[in-house]
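Note that chain A is present in both complexes that follow, paired respectively with chain B and with chain C.
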Partner chain A sequence: MTPLLEIKNLQVRFKIYEGELKVLNGVDMVIGEGEKVGLVGETGCGKTTTVKSVLRVLPTPPARISGGEILYRGKDILKMKPAQIRSLRKGEMSAIFQDPLAALNPVFTVGHQLYDVIKYSSASRGRKRLSKKEIRARSIAVLKETGMPDSERILSNYPIQLSGGMRQRVCISEALSASARLLMADEPTTNLDVTIQAQILRQLSELVAKKKSSILLISHSLGVVRNLTERVYIMYAGNMVEVARTKDLFADPLHPYTKALLKSVPKLTGEGISRGIRGRIPNYLNPPAGCRFHPRCDHMMPICEKERPAFFTGGDSDNHKVACFLCRR
Partner chain B sequence: MAKYIISRLLQSLFVLFGLSLLIFFIARVMPGDPARVALGSLATHEQVQNFREEMHLDKPFPVQYYFWLRSLLRGDLGKSLYTRRPVTTDLKAYIPATLELILISFIMSLVIGQVTGVLAGYFRNSWFDGLSRLISYIGVATPAFAVAIFFLLFFTYTLNLAPAVGRLSLAAVPPPRITGFFILDSVIAGKFGTALEGLKHIFLPAASLAVANIAQEGRITRTSIAENLQKDYVIAHTVYGIPRWSILFKYLLRPSLIPTVSVMGLAFAYQLSNAFLVELVFMWPGFSRYAVTVMLNKDLNAIVAVVLVIGVAFFLVNVIVDIVVSFLDPRIRLQRTGG
Partner chain C sequence: MSEEILTVENLKKYFVTKQGTVRAVDKVSFSVKQGETCGLVGESGSGKTTIAHTLVGIYEPTEGRALFKGQNISKVFNQRPKALKKEIRIVFQDPGSSLNPRRSIKQILELPLKVHRICNDSDRVERVMELLRMVELPPEDYMYKSPQVIGGGEKQMVAIARALAPNPSFLVLDEPTSALDVSVQAKIINLLMQLQQNLNLTYLFITHDLSLMRNITNRVVIMYLGKISEVAPTVEFFQNPFHPYTKMLLSSIPTVSDEEENFKPKEVISRGEIASPVNVPSGCSFHLRCPQKMEICSRADPTVVEVEADHLVRCHLFSDGRKPT
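Let's look at the complex of A and B:
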């Protein structure tokens, strides 16, 4: 599979009053053409920062990309000129965000926002400009595609007049109106209730399949990732700690963090709620040396405090990689 | 939208009623017999008594209020003791001069304040932001009359760029009165030379009044732009391919204007009574100067009229601000009318 997006050793720091937060500590990731990839990790582990770095929308300052490469079809996004990045956003990359209400402008109607999105993203690629009528027709069509009921009436509504599910459908319409090759969905259903979650995810994956796009699905729900992705990355405190085909990862998790994460999911069989993982995500101002997970790890060895583990191949497949000294052979 | 405006106007009728009651009450509790004050100390007891009956001053307060309100609605506010003319005639002469002045000053502060505010917010913590912050502090801290004197010294006496005083030069013939705004009336009458003359005269006083507002409004806009820049929707608009200028001057400016509009409205009404020192420096025959003069002369009818005008001005500005804000922010409009 040819890689569409390749992130190599990405490092991002945030400057705050007390010093510099070392948030992304060398992130590596590959997304293939048409591939469905999951990214799982606790809140605050750097998932959103990774996505924003790829889209080049990190607020700099306070953020600073201090190292690494982000290759899109072999070209480094971090070295691109603003015009090249803008054209990438029109039709190549797009994203859906966690909170649809915050992601929609509160003082413009849905139709108004969708109109501009379609107008500007269609104007770029040397095509003739769409007429007002055509843009409106496309707005209604993209809303319908996401399963929006009554999409014509929705156009004249403001975001606050819509339900959570409808708002997220509007965001998906905006994200997909330019038929992106790579869609990054940053916890798209976290703020929705379970039934709506299922609907939205189903429609989203159908849309992505239809357009043959790649998707990076970010979630802290393991169930969602298990059902919708082919490969999954586990992230902890600004590092990728494990990557494997989804079914391998769930069958045979290798990293102590992944194991603990899978164990902490409450079971329907009524064994009670698990204890979770002891400790909490580290302070990025002075993150632990070596493996960032070692203060919370039950299998801590002396080397874990000193050296950062590289990726070791583990399990039955060459595609299963773990950043843990336990798997060093 | 129309529904909201109508309900807002109906609400405001009550405010106007309250305002009229308040002013009537103030006028009646002021020390001194209004009949005696009006007729002077030489009038006989009988004359005062007759006057009292004639003006219904012997009746109970509610009846007095009725007659007062009736004459007010007819545009009769009594005679000024100081100018010896009907108060409404005075108001007609002075209000347009000040209104024209603060309107021009309002436009200046709107344009300059918003542009610097947006740019300072967008390039926050840049040299431009720092410079505009420094100038703002100076602008807010300097009283308008000091700015006026400085402008007069610099632009008129040193550079000789602008005329010193008045609305027009002495030789110029004022345009036929339609609105009372010299510049507008001149344009209507087709006298563009006079309009230009008027613009030259109004520039310095309007700019003196505008300085503090430019500083304040610019800072407020800067703050809300800087704050809104962090919002998710700005990132979303960027990712979805909306160009930077459109985000800045449309998607970001509109929500950021909401706090500024309220401040701008109040600043506008405030200047009606507060342009006094600037009007004095530029010898501008305006309402502010009139207001201070009649107060110093204890000119009761004129004081009532002045208070009324300022009250109504604040009231109108509030209504306009509410309507503009509800236009900018659908959340307010939708909540109040429940739809």
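Let's look at the complex of A and C:
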């Protein structure tokens, strides 16, 4: 599979009054053409920062990308000119964010916002400008694709008049209207009820399959990622700690953090609830040296405090990589 | 175990708005037994929180009543005797907004002690420290901190400590962990279960997370649009769900293992959205989304039937009290 997006050793820091927050500490990630990739981690581990760096929408300052490369089809996004990035955002990558009410403009109707998106993205491909009628027809078509009932009426509604699930459908249709090659969905269903979540995820995966786009699904819910993706990255405190095919990861998690996280999830089969993970996510002003998970880890060894573990191959498959000294052979 | 500590009878709470009457809770009856954890589950807008708020006296019921240890508690907060307020306490969903950011944790925990005259002035600090130790927060580190500077999980621990301050016997937990990460959730749930055993508490646990419910409750009450759709003992409920809505809920849960996947009802695909409580559909309020809709469903509202012992369902499929074949 040819890589569509490759993140190499990405480092992002935030300047605040007290000093510098060392948030992303060398993130590596590959997303193949047409691949469905998941990214899981707890609140504050740098998931959204990663996405925002890729889209180049991180506010700089306070943020500073202090190292690494983000290659989109071999070209470094971090070195692109603003015009090049804009054209990328038009037809190549798009994002869906967690809170649709914050992502949509409250003073314009859904139709107005979709109109802008479609007009803007269609202008980039050097084609003839679409007429108002054509844009309206396309707006209705993209809304219908997401399973929106009564999509013609929705066009004249304001976001506040819609329910949470419908707002998220509007965001998805905006993101997919440009037939993006890479869709980054940042916790798209966190604010929704389970029944609506199931619907949105089903439609999202159908649409992505139809358009042959790649998707990066970010979530703190392991269950959501398991049902939709082929490969999963587990992130902790600005580092990738484990990557594997979804099936392998859930069958045989290797990193102590992944294991603890999986155990914390309440199971339908009713096995009771584990004790969780002691301590909490580190302060990024002075993150722990070596492996950032070592203060909370039950298998801490002397080396963990000194050295940052590289990716070791673990498990049965070569694609299963773990950043933990326990897996060093 | 068998003694009923709380009984809710035909509870109704309507809100009159410009757009029409919101039927937030519509004729709900259930009971909670001494020492158990009763789960109240439903989507947003199903009236779970309205019930919680009515029980602690934030709202006055429009109709019906709630009995706590035989005493009628359908009164608003300022009409309740202090002894009652001491018995029933609530933990809210968002600890960020339920703790006063201008007070230190010590001040927050002292207030209920002062109001209910739990201990005299000299013992109060000792009691605050005891409460903090009870929720596994070292008092030396946390007493003088503001809630703003601690993490979400720790804030919720403080909120729990505050609820426990006057030695209550009944705790309403309104989605206490839904804003938190799973690892933190696990910690808080463990703590709650431990406290329940040590202090002999009864919980009404409100959540939308059915997997969580599976692991901690004795009985579940499923709500849809202000009405009850199913009540059952937890184990029985998960093995043998009756109502089409609960089947839809169960089949929508994202799971992390194949064993769990096999546990879910397969045939139901989620569709539609919860209707507006201003404009409740005629007949059974679920009929617009129901995969097993019959002609009668859009006309008549089903009544609650006991299909098996302790297993109640409100659905026309079970109207004669038997399972359809």
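Just so we're on the same page, the second predicted complex is superposed on the first by the 328 of 329 C-alpha atoms of A that agree within 3 Å, B and C clash if a C-alpha of one lies under 4 Å from a C-alpha of the other, contacts with A are read in each partner's own complex, and residues count from 1 in each chain.
The working rule: contacts are C-beta pairs under 8 Å (C-beta built on N, C-alpha and C of every residue); 3 or more make two chains touch, one makes a residue touch a chain.
Keep in mind the model is a prediction, meaning the values are calculated, not measured.
In the model built by aligning both structures on chain A, chain B fits alongside chain C without clashing. By the touch criterion stated above, A:174 is placed in contact with chain B alone, chain C being left untouched.
Touch criterion met: A:103 reaches chain B, while chain C stays clear of it. Contacts of A:195 after superposition on the shared chain: chain C is touched, whereas chain B is not. Using the contact criterion defined above for the overlaid structures, shared-chain residue A:166 touches chain C, although it does not reach chain B. Legend: residue contacts after superposition of the two complexes on their common chain; A:224 is shown touching chain C, with no touch to chain B. Chain centres taken from Cα atoms put the angle at chain A, between chain B and chain C, at 80 degrees to the nearest 10. Judged by the touch definition given at the top, the superposed model places A:117 against chain B, while chain C stays out of reach. The superposed three-chain arrangement places the nearest Cα atoms of chain B and chain C 6 Å from each other. Those residues of chain A whose C-beta lies close enough to touch chain B in the complex are 52, 55, 57, 59, 61, 86, 89-90, 93-95, 97, 99, 102-109, 113, 116-117, 120-121, 124, 158, 160-161, 171, 174-175, 177-178. The part of chain B that touches chain A in the complex is made up of residues 125, 229-233, 235-243, 246, 251, 254-255, 328-331, 334. If you check the complex, the residues on chain A that touch chain C are 42-43, 163-166, 193-199, 201-202, 220-224, 226-227, 250, 260-277, 280. Contact residues of chain C toward chain A in the complex are 43-44, 151-153, 181-187, 189-190, 193, 208-212, 214-216, 234-235, 238, 248-257, 259-260, 263-264, 269-271, 273-274.
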